[in-house]
Amino acid sequence: MQQTLAILTFDTEGTGLYEITEDITRWLRETQVRVGILTVFCQHTSAGLLITENASPAVPRDLLRWLGAAAPEGDRYEHSAEGPDDMPAHIKASLLGPALSLPVSGGRLALGTWQGIYVWEHRRRGSAREVALHVGA
Amino acid sequence: MQQTLAILTFDTEGTGLYEITEDITRWLRETQVRVGILTVFCQHTSAGLLITENASPAVPRDLLRWLGAAAPEGDRYEHSAEGPDDMPAHIKASLLGPALSLPVSGGRLALGTWQGIYVWEHRRRGSAREVALHVGA
Amino acid sequence: MQQTLAILTFDTEGTGLYEITEDITRWLRETQVRVGILTVFCQHTSAGLLITENASPAVPRDLLRWLGAAAPEGDRYEHSAEGPDDMPAHIKASLLGPALSLPVSGGRLALGTWQGIYVWEHRRRGSAREVALHVGA
(Lines give C-alpha, C1' and ligand atoms only; values in the text may rest on other atoms or scores of the structure.)
Protein backbone atom coordinates (compact mmCIF):
# COMPACT_ATOMS: atom_id res chain seq x y z
CA MET A 1 0.00 0.00 0.00
CA GLN A 2 1.21 3.51 -0.80
CA GLN A 3 1.10 5.41 2.52
CA THR A 4 1.62 8.92 3.83
CA LEU A 5 1.58 9.86 7.52
CA ALA A 6 1.58 13.25 9.21
CA ILE A 7 0.72 14.95 12.45
CA LEU A 8 -1.03 18.30 12.25
CA THR A 9 -1.21 20.52 15.32
CA PHE A 10 -4.17 22.77 16.00
CA ASP A 11 -4.07 25.47 18.67
CA THR A 12 -7.47 25.70 20.32
CA GLU A 13 -8.48 28.74 22.33
CA GLY A 14 -10.92 27.20 24.74
CA THR A 15 -14.01 25.01 24.54
CA GLY A 16 -15.46 24.90 21.06
CA LEU A 17 -15.49 23.41 17.61
CA TYR A 18 -12.65 24.24 15.25
CA GLU A 19 -13.14 23.34 11.62
CA ILE A 20 -10.14 21.58 10.07
CA THR A 21 -11.63 20.48 6.73
CA GLU A 22 -9.44 22.85 4.73
CA ASP A 23 -6.27 21.82 6.56
CA ILE A 24 -6.94 18.17 5.84
CA THR A 25 -7.93 18.87 2.24
CA ARG A 26 -4.70 20.78 1.65
CA TRP A 27 -2.61 18.01 3.17
CA LEU A 28 -4.43 15.39 1.11
CA ARG A 29 -3.82 17.34 -2.10
CA GLU A 30 -0.07 17.32 -1.40
CA THR A 31 -0.07 13.53 -1.10
CA GLN A 32 -1.50 13.34 -4.66
CA VAL A 33 -3.65 10.37 -3.67
CA ARG A 34 -6.61 9.98 -6.05
CA VAL A 35 -8.37 6.98 -4.51
CA GLY A 36 -7.75 5.69 -1.00
CA ILE A 37 -8.70 5.79 2.66
CA LEU A 38 -7.97 8.67 4.99
CA THR A 39 -7.74 8.01 8.72
CA VAL A 40 -7.86 10.94 11.13
CA PHE A 41 -6.94 10.30 14.75
CA CYS A 42 -6.97 12.78 17.65
CA GLN A 43 -4.26 11.96 20.20
CA HIS A 44 -6.07 13.38 23.22
CA THR A 45 -8.61 12.32 25.81
CA SER A 46 -10.23 15.71 26.39
CA ALA A 47 -10.66 16.75 22.76
CA GLY A 48 -11.91 14.80 19.78
CA LEU A 49 -13.14 14.79 16.21
CA LEU A 50 -16.56 15.46 14.82
CA ILE A 51 -18.22 15.68 11.46
CA THR A 52 -21.24 17.95 11.37
CA GLU A 53 -22.94 20.64 9.31
CA ASN A 54 -20.62 23.51 8.42
CA ALA A 55 -23.20 25.86 6.92
CA SER A 56 -24.96 27.41 9.95
CA PRO A 57 -22.73 28.73 12.76
CA ALA A 58 -25.63 28.13 15.16
CA VAL A 59 -25.20 24.34 14.80
CA PRO A 60 -21.84 24.17 16.62
CA ARG A 61 -23.21 26.49 19.31
CA ASP A 62 -26.24 24.25 19.87
CA LEU A 63 -23.97 21.18 19.93
CA LEU A 64 -21.79 22.83 22.56
CA ARG A 65 -24.77 23.70 24.74
CA TRP A 66 -26.32 20.25 24.39
CA LEU A 67 -23.11 18.40 25.26
CA GLY A 68 -22.35 20.81 28.10
CA ALA A 69 -25.72 20.01 29.64
CA ALA A 70 -25.29 16.26 29.08
CA ALA A 71 -21.97 16.15 30.93
CA PRO A 72 -22.00 19.23 33.17
CA GLU A 73 -19.27 20.40 35.50
CA GLY A 74 -19.97 19.91 39.19
CA ASP A 75 -18.96 18.00 42.26
CA ARG A 76 -20.33 14.68 41.07
CA TYR A 77 -17.01 13.38 39.77
CA GLU A 78 -14.37 11.40 41.65
CA HIS A 79 -11.68 12.49 39.19
CA SER A 80 -11.43 16.20 40.01
CA ALA A 81 -7.73 16.85 40.57
CA GLU A 82 -7.21 18.37 37.11
CA GLY A 83 -10.04 20.88 37.38
CA PRO A 84 -13.84 20.84 37.21
CA ASP A 85 -13.88 20.71 33.40
CA ASP A 86 -11.51 17.74 33.09
CA MET A 87 -13.79 14.79 33.81
CA PRO A 88 -16.66 16.24 31.74
CA ALA A 89 -14.09 16.60 28.94
CA HIS A 90 -13.16 12.90 29.18
CA ILE A 91 -16.84 11.94 29.03
CA LYS A 92 -17.42 14.12 25.99
CA ALA A 93 -14.32 12.82 24.23
CA SER A 94 -15.40 9.22 24.97
CA LEU A 95 -18.85 9.80 23.50
CA LEU A 96 -17.60 11.37 20.28
CA GLY A 97 -14.54 9.21 19.73
CA PRO A 98 -11.03 10.05 18.52
CA ALA A 99 -11.04 8.43 15.05
CA LEU A 100 -12.58 8.99 11.62
CA SER A 101 -12.16 7.03 8.39
CA LEU A 102 -13.18 8.54 5.07
CA PRO A 103 -12.88 7.34 1.49
CA VAL A 104 -10.92 9.49 -0.96
CA SER A 105 -12.28 9.59 -4.50
CA GLY A 106 -11.03 11.65 -7.44
CA GLY A 107 -8.45 13.22 -5.13
CA ARG A 108 -11.16 14.54 -2.80
CA LEU A 109 -12.58 13.54 0.55
CA ALA A 110 -15.92 11.74 0.10
CA LEU A 111 -17.70 14.25 2.36
CA GLY A 112 -21.33 15.15 1.76
CA THR A 113 -22.27 18.67 0.70
CA TRP A 114 -22.84 19.94 4.23
CA GLN A 115 -20.23 17.97 6.13
CA GLY A 116 -17.23 19.60 7.77
CA ILE A 117 -14.55 18.01 9.96
CA TYR A 118 -13.97 19.60 13.36
CA VAL A 119 -11.66 19.31 16.33
CA TRP A 120 -13.89 19.62 19.38
CA GLU A 121 -11.99 21.10 22.31
CA HIS A 122 -13.64 20.13 25.60
CA ARG A 123 -11.35 21.95 28.03
CA ARG A 124 -11.98 25.58 29.06
CA ARG A 125 -8.45 26.62 28.29
CA GLY A 126 -7.02 26.05 24.85
CA SER A 127 -4.24 23.66 24.04
CA ALA A 128 -2.08 22.43 21.16
CA ARG A 129 -4.02 19.43 19.83
CA GLU A 130 -2.27 16.84 17.70
CA VAL A 131 -4.18 15.05 14.98
CA ALA A 132 -2.56 12.13 13.18
CA LEU A 133 -3.37 11.72 9.50
CA HIS A 134 -2.80 8.62 7.40
CA VAL A 135 -3.77 8.02 3.82
CA GLY A 136 -3.40 4.65 2.14
CA ALA A 137 -3.86 3.97 -1.56
CA MET B 1 -3.74 -1.64 -2.60
CA GLN B 2 -6.60 -3.17 -4.58
CA GLN B 3 -9.56 -0.82 -4.09
CA THR B 4 -13.23 -0.62 -4.97
CA LEU B 5 -15.44 2.41 -4.30
CA ALA B 6 -19.19 2.84 -4.57
CA ILE B 7 -22.04 4.98 -3.32
CA LEU B 8 -25.24 3.23 -2.34
CA THR B 9 -28.42 5.26 -1.91
CA PHE B 10 -31.05 4.33 0.65
CA ASP B 11 -34.50 5.91 0.64
CA THR B 12 -35.65 6.40 4.20
CA GLU B 13 -39.30 6.97 5.02
CA GLY B 14 -38.98 8.98 8.20
CA THR B 15 -37.20 8.64 11.52
CA GLY B 16 -36.00 5.12 12.16
CA LEU B 17 -33.37 2.45 11.71
CA TYR B 18 -33.00 0.83 8.29
CA GLU B 19 -30.90 -2.30 8.12
CA ILE B 20 -28.41 -2.31 5.25
CA THR B 21 -26.33 -5.37 6.15
CA GLU B 22 -27.58 -7.35 3.14
CA ASP B 23 -26.97 -4.49 0.71
CA ILE B 24 -23.39 -4.15 1.89
CA THR B 25 -22.83 -7.90 1.91
CA ARG B 26 -24.07 -8.18 -1.69
CA TRP B 27 -21.84 -5.33 -2.82
CA LEU B 28 -18.85 -6.84 -1.03
CA ARG B 29 -19.45 -10.20 -2.72
CA GLU B 30 -19.30 -8.55 -6.12
CA THR B 31 -15.90 -7.04 -5.33
CA GLN B 32 -14.58 -10.59 -4.72
CA VAL B 33 -12.41 -9.33 -1.89
CA ARG B 34 -11.48 -12.17 0.49
CA VAL B 35 -9.43 -10.28 3.10
CA GLY B 36 -9.44 -6.54 3.53
CA ILE B 37 -10.95 -3.52 5.23
CA LEU B 38 -14.39 -2.14 4.51
CA THR B 39 -15.10 1.51 5.25
CA VAL B 40 -18.69 2.71 5.34
CA PHE B 41 -19.32 6.45 5.39
CA CYS B 42 -22.66 8.26 5.58
CA GLN B 43 -22.54 11.58 3.70
CA HIS B 44 -25.13 13.37 5.85
CA THR B 45 -25.34 15.37 9.06
CA SER B 46 -28.86 14.36 10.09
CA ALA B 47 -28.54 10.61 9.50
CA GLY B 48 -25.80 8.18 10.41
CA LEU B 49 -24.61 4.63 10.78
CA LEU B 50 -25.10 2.21 13.62
CA ILE B 51 -24.25 -1.38 14.42
CA THR B 52 -26.64 -3.01 16.85
CA GLU B 53 -28.54 -6.21 17.49
CA ASN B 54 -30.66 -7.30 14.53
CA ALA B 55 -32.55 -10.12 16.23
CA SER B 56 -35.24 -8.37 18.29
CA PRO B 57 -37.26 -5.64 16.54
CA ALA B 58 -37.86 -4.08 19.96
CA VAL B 59 -34.19 -3.06 20.19
CA PRO B 60 -34.34 -0.43 17.40
CA ARG B 61 -37.60 0.86 18.88
CA ASP B 62 -36.02 1.28 22.33
CA LEU B 63 -32.97 2.95 20.76
CA LEU B 64 -35.23 5.40 18.94
CA ARG B 65 -37.12 6.26 22.11
CA TRP B 66 -33.95 6.65 24.17
CA LEU B 67 -32.23 8.91 21.64
CA GLY B 68 -35.43 10.90 21.10
CA ALA B 69 -35.57 11.64 24.83
CA ALA B 70 -31.83 12.46 25.00
CA ALA B 71 -32.09 15.09 22.24
CA PRO B 72 -35.74 16.13 22.19
CA GLU B 73 -37.39 18.59 19.89
CA GLY B 74 -38.35 21.92 21.47
CA ASP B 75 -37.56 25.60 21.54
CA ARG B 76 -34.20 25.21 23.24
CA TYR B 77 -32.19 25.36 19.99
CA GLU B 78 -30.77 28.42 18.28
CA HIS B 79 -30.63 26.59 14.94
CA SER B 80 -34.34 26.19 14.19
CA ALA B 81 -34.79 27.51 10.65
CA GLU B 82 -34.90 24.03 9.09
CA GLY B 83 -37.61 22.70 11.38
CA PRO B 84 -37.85 21.51 14.99
CA ASP B 85 -36.38 18.09 14.19
CA ASP B 86 -33.27 19.41 12.43
CA MET B 87 -31.02 20.40 15.33
CA PRO B 88 -31.91 17.27 17.32
CA ALA B 89 -30.97 15.32 14.18
CA HIS B 90 -27.54 16.99 14.05
CA ILE B 91 -26.98 16.14 17.72
CA LYS B 92 -27.95 12.52 17.19
CA ALA B 93 -25.80 12.21 14.08
CA SER B 94 -22.85 13.73 15.96
CA LEU B 95 -23.20 11.27 18.81
CA LEU B 96 -23.37 8.19 16.61
CA GLY B 97 -20.86 9.23 13.96
CA PRO B 98 -20.83 8.83 10.18
CA ALA B 99 -18.10 6.20 9.73
CA LEU B 100 -17.54 2.50 10.33
CA SER B 101 -14.51 0.33 9.58
CA LEU B 102 -14.81 -3.46 9.53
CA PRO B 103 -12.38 -6.23 8.66
CA VAL B 104 -13.30 -8.60 5.84
CA SER B 105 -12.25 -12.20 6.33
CA GLY B 106 -12.97 -15.18 4.09
CA GLY B 107 -14.99 -12.91 1.83
CA ARG B 108 -17.33 -11.96 4.68
CA LEU B 109 -17.75 -8.99 7.01
CA ALA B 110 -16.25 -9.74 10.43
CA LEU B 111 -19.56 -9.00 12.16
CA GLY B 112 -20.55 -10.82 15.32
CA THR B 113 -23.53 -13.19 15.32
CA TRP B 114 -26.05 -10.57 16.39
CA GLN B 115 -24.65 -7.49 14.71
CA GLY B 116 -26.45 -5.71 11.89
CA ILE B 117 -25.50 -2.46 10.12
CA TYR B 118 -28.15 0.26 10.02
CA VAL B 119 -28.71 3.67 8.53
CA TRP B 120 -30.33 5.72 11.28
CA GLU B 121 -32.55 8.43 9.84
CA HIS B 122 -33.02 11.28 12.34
CA ARG B 123 -35.35 13.53 10.35
CA ARG B 124 -39.15 13.12 10.47
CA ARG B 125 -39.47 13.07 6.72
CA GLY B 126 -37.56 10.50 4.71
CA SER B 127 -34.77 11.31 2.32
CA ALA B 128 -32.38 9.69 -0.15
CA ARG B 129 -29.33 8.91 1.99
CA GLU B 130 -25.97 8.29 0.34
CA VAL B 131 -23.53 5.89 1.89
CA ALA B 132 -20.00 5.65 0.49
CA LEU B 133 -18.36 2.22 0.53
CA HIS B 134 -14.69 1.49 0.10
CA VAL B 135 -12.93 -1.82 0.35
CA GLY B 136 -9.18 -2.15 0.27
CA ALA B 137 -7.23 -5.40 -0.01
CA MET C 1 -1.65 -4.49 0.74
CA GLN C 2 0.19 -6.59 3.31
CA GLN C 3 -2.46 -7.74 5.80
CA THR C 4 -2.70 -9.62 9.08
CA LEU C 5 -5.96 -10.58 10.77
CA ALA C 6 -6.65 -12.00 14.22
CA ILE C 7 -9.36 -12.35 16.79
CA LEU C 8 -8.41 -11.77 20.42
CA THR C 9 -10.77 -12.91 23.18
CA PHE C 10 -11.09 -11.01 26.43
CA ASP C 11 -12.90 -12.49 29.43
CA THR C 12 -14.75 -9.73 31.22
CA GLU C 13 -15.95 -10.15 34.79
CA GLY C 14 -18.93 -7.84 34.81
CA THR C 15 -19.64 -4.24 33.91
CA GLY C 16 -16.48 -2.20 33.56
CA LEU C 17 -13.58 -1.02 31.46
CA TYR C 18 -10.81 -3.48 30.66
CA GLU C 19 -7.64 -2.05 29.22
CA ILE C 20 -6.34 -3.97 26.19
CA THR C 21 -3.63 -1.59 24.97
CA GLU C 22 -0.84 -4.01 25.88
CA ASP C 23 -2.55 -6.97 24.20
CA ILE C 24 -2.93 -5.04 20.98
CA THR C 25 0.60 -3.66 21.18
CA ARG C 26 2.02 -7.17 21.62
CA TRP C 27 0.01 -8.50 18.68
CA LEU C 28 1.09 -5.57 16.52
CA ARG C 29 4.74 -6.16 17.35
CA GLU C 30 4.45 -9.75 16.14
CA THR C 31 3.12 -8.59 12.78
CA GLN C 32 6.33 -6.53 12.32
CA VAL C 33 4.36 -3.77 10.62
CA ARG C 34 6.21 -0.44 10.81
CA VAL C 35 3.73 1.86 9.07
CA GLY C 36 0.10 1.05 8.46
CA ILE C 37 -3.46 1.19 9.71
CA LEU C 38 -4.83 -0.85 12.59
CA THR C 39 -8.55 -1.56 12.73
CA VAL C 40 -10.05 -2.86 15.97
CA PHE C 41 -13.61 -4.18 15.85
CA CYS C 42 -15.68 -5.52 18.76
CA GLN C 43 -18.08 -8.25 17.59
CA HIS C 44 -20.76 -7.60 20.20
CA THR C 45 -23.80 -5.39 20.74
CA SER C 46 -23.58 -5.11 24.52
CA ALA C 47 -19.87 -4.34 24.81
CA GLY C 48 -17.67 -1.99 22.85
CA LEU C 49 -14.38 -0.17 22.47
CA LEU C 50 -13.21 3.05 24.01
CA ILE C 51 -10.09 5.17 24.07
CA THR C 52 -9.70 7.25 27.20
CA GLU C 53 -7.16 8.35 29.79
CA ASN C 54 -5.29 5.45 31.35
CA ALA C 55 -3.48 7.37 34.09
CA SER C 56 -6.11 7.91 36.79
CA PRO C 57 -8.22 4.90 37.81
CA ALA C 58 -10.98 7.31 38.84
CA VAL C 59 -11.61 8.20 35.18
CA PRO C 60 -13.07 4.81 34.20
CA ARG C 61 -15.13 4.82 37.41
CA ASP C 62 -16.60 8.24 36.60
CA LEU C 63 -17.27 7.12 33.01
CA LEU C 64 -19.11 4.05 34.30
CA ARG C 65 -21.25 6.14 36.64
CA TRP C 66 -22.03 8.74 33.99
CA LEU C 67 -23.04 6.19 31.36
CA GLY C 68 -25.01 4.17 33.91
CA ALA C 69 -27.05 7.26 34.74
CA ALA C 70 -27.49 8.18 31.06
CA ALA C 71 -28.98 4.77 30.19
CA PRO C 72 -30.27 3.38 33.48
CA GLU C 73 -31.90 0.04 34.09
CA GLY C 74 -35.64 0.15 34.70
CA ASP C 75 -39.01 -0.77 33.29
CA ARG C 76 -38.93 1.81 30.51
CA TYR C 77 -37.68 -0.61 27.83
CA GLU C 78 -39.77 -2.75 25.50
CA HIS C 79 -36.85 -5.15 24.97
CA SER C 80 -36.59 -6.74 28.42
CA ALA C 81 -36.56 -10.50 27.80
CA GLU C 82 -32.79 -10.82 28.23
CA GLY C 83 -32.64 -9.04 31.59
CA PRO C 84 -32.88 -5.47 32.87
CA ASP C 85 -29.28 -4.68 31.92
CA ASP C 86 -29.54 -5.84 28.31
CA MET C 87 -31.29 -2.92 26.63
CA PRO C 88 -29.19 -0.32 28.51
CA ALA C 89 -26.17 -2.30 27.29
CA HIS C 90 -27.31 -2.01 23.66
CA ILE C 91 -27.81 1.74 24.09
CA LYS C 92 -24.36 2.15 25.61
CA ALA C 93 -22.72 0.04 22.90
CA SER C 94 -24.52 2.06 20.21
CA LEU C 95 -23.29 5.35 21.65
CA LEU C 96 -19.68 4.29 21.91
CA GLY C 97 -19.43 2.25 18.73
CA PRO C 98 -17.69 -1.03 17.93
CA ALA C 99 -14.81 0.15 15.72
CA LEU C 100 -11.54 2.05 16.02
CA SER C 101 -8.95 2.91 13.37
CA LEU C 102 -5.45 4.00 14.34
CA PRO C 103 -2.33 4.80 12.36
CA VAL C 104 0.80 2.76 13.07
CA SER C 105 4.06 4.66 12.86
CA GLY C 106 7.56 3.38 13.61
CA GLY C 107 6.05 0.04 14.63
CA ARG C 108 3.91 1.70 17.31
CA LEU C 109 0.29 2.71 17.66
CA ALA C 110 -0.12 6.46 17.13
CA LEU C 111 -1.75 6.87 20.55
CA GLY C 112 -1.29 10.04 22.55
CA THR C 113 0.60 10.00 25.83
CA TRP C 114 -2.47 9.43 27.98
CA GLN C 115 -4.59 7.29 25.68
CA GLY C 116 -5.40 3.68 26.44
CA ILE C 117 -7.67 1.29 24.52
CA TYR C 118 -10.41 -0.41 26.51
CA VAL C 119 -13.10 -3.02 26.08
CA TRP C 120 -16.15 -1.64 27.84
CA GLU C 121 -18.38 -4.43 29.13
CA HIS C 122 -21.95 -3.21 29.59
CA ARG C 123 -23.57 -6.41 30.94
CA ARG C 124 -23.61 -7.17 34.67
CA ARG C 125 -22.22 -10.65 34.15
CA GLY C 126 -18.94 -11.11 32.37
CA SER C 127 -18.54 -12.77 29.02
CA ALA C 128 -15.91 -13.83 26.50
CA ARG C 129 -15.66 -10.81 24.20
CA GLU C 130 -14.16 -11.19 20.76
CA VAL C 131 -12.23 -8.33 19.22
CA ALA C 132 -11.16 -8.55 15.58
CA LEU C 133 -7.84 -6.96 14.68
CA HIS C 134 -6.63 -6.10 11.20
CA VAL C 135 -3.48 -4.33 10.21
CA GLY C 136 -2.75 -3.26 6.66
CA ALA C 137 0.55 -1.91 5.37
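Per-chain numbering from 1; labels A, B and C assigned in written order.
Basically, a contact is a pair of C-beta atoms (placed from the backbone, for glycine too) under 8 Å apart; a residue touches a chain by one contact, two chains touch by 3 or more.
This structure is a prediction, so every number in the text was calculated from the model and none was measured.
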Copy-to-copy rotation for subunit B and subunit C - C-alpha atoms, rounded to a multiple of 5°: 120
Self-contact between copies subunit A and subunit B, residue sets same or different by half: different
Approximate Å spacing (C-alpha centroids) for the pair subunit A, subunit B: 20
Residues of subunit A engaged with two or more neighbouring chains: 1, 37, 70, 95, 97, 100-101, 136
Subunit A contact footprint on subunit B (complex, rising order): 1, 3, 5, 37, 39, 41-45, 70-71, 76-79, 81, 87, 90-91, 93-95, 97-101, 130, 132-134, 136
Interface residues, subunit B side, partner subunit C - complex: 1-2, 35-37, 50-53, 56, 58-59, 61-63, 65-66, 70, 95-97, 100-103, 105, 110-115, 136-137
